[in-house]
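Chain lettering (A, B and C) follows the sequence in which the chains are written, and residue indices restart at 1 in each chain.
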Amino acid sequence: MSVRSEQPVAGPAVPALRTILVAAWAVFVKDLRTELRTRYALNAMVLFAACTAVMVSIGTTFIGLRRSEEALLIQASLLWVALLFAAITGLSRGFVHEEETRTLAALRLAAPPAAVYLGKFLLNLALLAVLGLITSVLFIILVRVQVGSPLAFLLMIAAGSLCLAAATTILAAIIARASFKSALFAVLAFPLLVPPLIIAIQGTAVSLDNAGLDPVRGALQFLVAYSVATFVTSLMLFRFVWEA
Amino acid sequence: MHAVDIRLTVEGVAAGYGARTLFSAVALELRAGEALVVSGPNGSGKSTFLRLLAGLQRPEAGQISYATGGVAYTPREAAPLIGWVAPDLMLYRDLTARENLRFFAAVRGLRRDAAAIDALLDRVGLGGRGDDRLATYSSGMVQRLRYAYALLHRPAVLLLDEPTVTLDERGAGVVESVIAAQRRAGIVVIATNDPRELRHGDLVLQLDA
Amino acid sequence: MAERLGQIGKLLIGIWIAGIAIAMFLVIPQYEGLGNAGRIVIMHVPTAWVSVLAFAVSAVFSALYLWRGRPVYDHYALAAAESGFLFTALATVTGMIFSQVVWGIYWNWDPRQTSIFVLLLIYAALFALRSAIDQPARRRQLSAVYSLFAFVTVPFLIFVAPRIADSTLHPNCAFIQGSACDGVTLEVGKIGLLGDRKVQLLGLERQGDIITAAVKVSEPGLSSETILRPSYDLAAGDMVARPEFPGLRYQLGLEAVDLTANSALLNIEAPGTGLLENQRTLVTFLAAIIGFTALFVWLLTLRATLLDVQWALAQREGSRL
C-alpha cells in the first residue's frame, strides 16, 4: 500500500474558465465514447429520421409536385418535422442516461455544473450535426428536394440545429429529474421551439430556391440571436437544475 | 505526515422523507485525525446522513459546514475536499475502469498520468483489470473501483457508507488500510452496523429508527 | 384591520366587475357595423392583457424563488401561472367568438393567436412538469427554472409572429382610432395588398366631379373575386361610396386620386367612426382593464395564501404536499 504523496489542496477555489473548459471537453468525450459504444441516441434518431423520409417519399413522389413557392415550403416543413421529432427522441439522452444508470451523484460530486452543461450541449450539437446531415441527404435523394443555394441551405440547417441544442439541453436536465421523461421532454420543448422552427422552415424554403445567401441572412441572424439568448440563460440557470 | 487543517461542523441537522422524520437535532464536530462511526438499524438514516455530509442532499433543518484555512464552506462548495463511497455511487458501466478514473480526474481539474492511475488501481486491488469495462465487473470489483474514485483527488474528508459491502477478505484489508491512512491525514466518517468496523470510531453517532 | 380592508377590496372588485358587465351592454353604444358582437372587446382585450401580465409576474416570482429559496415565492409564481392560464383561456375563447362572428372563421394563425397559443402551451407544460415531480423542493426549483427559461424565449415570438402570415385578423390601423392605415397607391392595372385581401385597380371613371374606381378584390387563397366600385368627389375632396369587402364588415375607400398619373390611393376602413372614440366606450374599456387587473391581483393573493396555508398544514402534519 503506497503512502499518499500529496496533501489535499488548501481550500476549494472557484474553478477557472480553463478548468471548466477542460472539464467540459472531458464530459463531451466521455459521452461521445459511451454513445459510440452503445449508439443508443444516434440509432433512435437516425432511424426515426429515415422512417419519416421514407414515408414522405412514398406519400409525395407520385403527385409530381410542381416546383412552386408552396412546394418549397412544404418540403422545408417536412424536413424540419423529421428533424424536430428525431431530435426530441435523442437529445434528452445525455442526462436521462446519467439518471437511469444513477451516475449523476458521482458526476455532481466531481464536475462543476457549467462544465456538465457545456459537455452535454456539445454532445447534442454533435448528434444534431450527424442527424442533420443524414436527414438532408435522405430528403435530397428520397423526397427529391433540390437545393438551389447549398451554402444557404447548410447554414440554415446548422443554425436551426444550434437553436435546438441551445434550447433543449437544459430541458433534458430538467426532465431527467422528473417522471414520464420522454413525453415531458416534448411537452416542455415544443412551445419554446415554435419561434426558431418557423424561421428555420421559412429560411430553409428560401434556400431551396436559387437565390444565394442574401435572402436568408435575416433568418440566420434571428436563429443565432435565439441560440445565444437560450444558451446564456441555460448557462445561468443550469446550476439550479443541477442542485435540485 | 501531518494532519491537514480541516474541521467538519454539524449543527441541529434534521432529515426525513415527507411524513417520516429520520433524525433531528444532530450536532457534532470533527477535526482532522478523527473518525466518526454512524450506526443504527436499517432505515435509520445512516446513508442519508452521509449524503447530507457529501452535499448530495440538503438537510430539512440545520447547518453543515467544512472549515479549512479559516474559511467555511457548504458541503457543495467543499466537493473537492470530499471523497464518498456508497452502494448508490454508480460509475460508468460502458467505460473501462481506467477511462472512468481519467474522466473523473479531468472533470476535477487534476493531472493524473497513466502511472498515477495504475498506482491507484493497484492500491485498490484492480491492477491488471483497468482496461475492462465495468459492465464485466463483479459487484466486489465495482466496490473497489468506488474507492479509487473517492481517493482520486486525495480528499481531506472520506465518507464511507457500508465500506466493506460485497468485498472479500483482501478487499476488507484494503479498506482497513485506507481508513488507517485517512485517519492520519484527515477525517473519516463511516456508516456501518458491522461490529468489526465500529471500533474505528473515536466518536459514535447512534441513529434510532 | 388588514382583514377588513381585504373584505372591502374583494367587495369593491365584485361591484366594479359587475358594473363593467352592465356597462358592456347598457352604457356603451352599439358599435356601428359590428353589432352586439363588438361588445365582447370589453372582455377580450383586458383578459389578453392580464394573461401576459400574469406570465411576467410568474417569471418574476420564479426568479425570486431561485434567488431566495423561500416557498412563498413559489406559491406566488404558481398562483400567477394558474390565474394566468385562466385568463389566457378566456382571452382565447372570447377572441374566437368575436372572430367567428365578424370575420367568419374561428382560427387563422393570426400573429396574436399564435402568441397566445404558445402561451397556453407553456402554461400547460409548466403544470405538466409540476405534476411529474414528487419532491416539493425539487418541483419548485425545476418549475421556476422552466418558467424563467420560457420567459426568455417569448420575446422571440413577437419578432416571428408577423412573419407567419401576411394576414392579420386583429384590427390594427383599420380599427383602433388614432392609428390610420396608410393604404396603397396603385396605378391602373397594378396589384396591391390591403390587410389579407389582394386588390387590383382595374380602371378609373370620371363623371363630373365623381371618380369611380373599379377594384378587383381577391379573397385570401384566391378562392373568389369581386369587383368593388368605391368613389371619390373631387370637388368636395371626400369619399362618396365605400363598398364593403365581401364577407367582411370592413369597407374599401378611395381616399385620393391622381388623374395625371392615372393612380389612386385605396384604403381599408372600419365602418363607423372607431370603437373608442365614444367617450362612454373609452371609459368602460379603461374601467375593464383596471377591473380585470384587480381581479387578477385578488386571485393571485387568494391562491398564494391558500397554497401557503396548505404548505404550513402539510408541514405540521408532516405529510408530503
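FYI, a residue touches a chain if its C-beta (ideal position, glycine included) is under 8 Å from a C-beta of that chain, and two chains touch if they have at least 3 such contacts.
Since we're looking at a predicted model, the values are computed, not measured.
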| item | value |
| --- | --- |
| Given chain B and chain C, the chains that contact each of them | A |
| Chain ID, smallest distance between chain and overall C-alpha centroids | A |
| Centre distance in Å when chain B and chain C are each reduced to the mean of their C-alpha atoms | 59 |
| Averaged-CA centre spacing for the pair chain B and chain A, given as whole angstrom | 36 |
| Two or more partner chains touched - positions in chain C | 137 |
| Chain A residues counted as touching two or more neighbouring chains | 243 |
| Chain C contact footprint on chain A (complex, rising order) | 167, 170-171, 174-175, 177-180, 184, 187-188, 190-192, 194-196, 198-199, 202, 222, 225-226, 229-230, 233-234, 237, 240-241, 243-244 |
| Interfacial residue positions of chain A with respect to chain B in the complex | 1-4, 6-12, 15, 19, 22-23, 25-27, 29-30, 33-34, 37-38, 101-103, 105-112, 115, 243 |
| Of all residues in chain C, those that touch chain A in their complex | 66, 114, 118, 121-122, 124-125, 128-129, 132-134, 137-138, 141-142, 144-146, 148-150, 152-153, 156-157, 159-160, 163-164 |
| In the complex with chain A, residue positions of chain B that touch it | 1, 4, 6, 54-56, 68-69, 71, 73, 76-82, 84, 88-95, 99, 103-104, 106-109, 119, 123, 149, 153-156, 174, 177, 181, 185-186 |
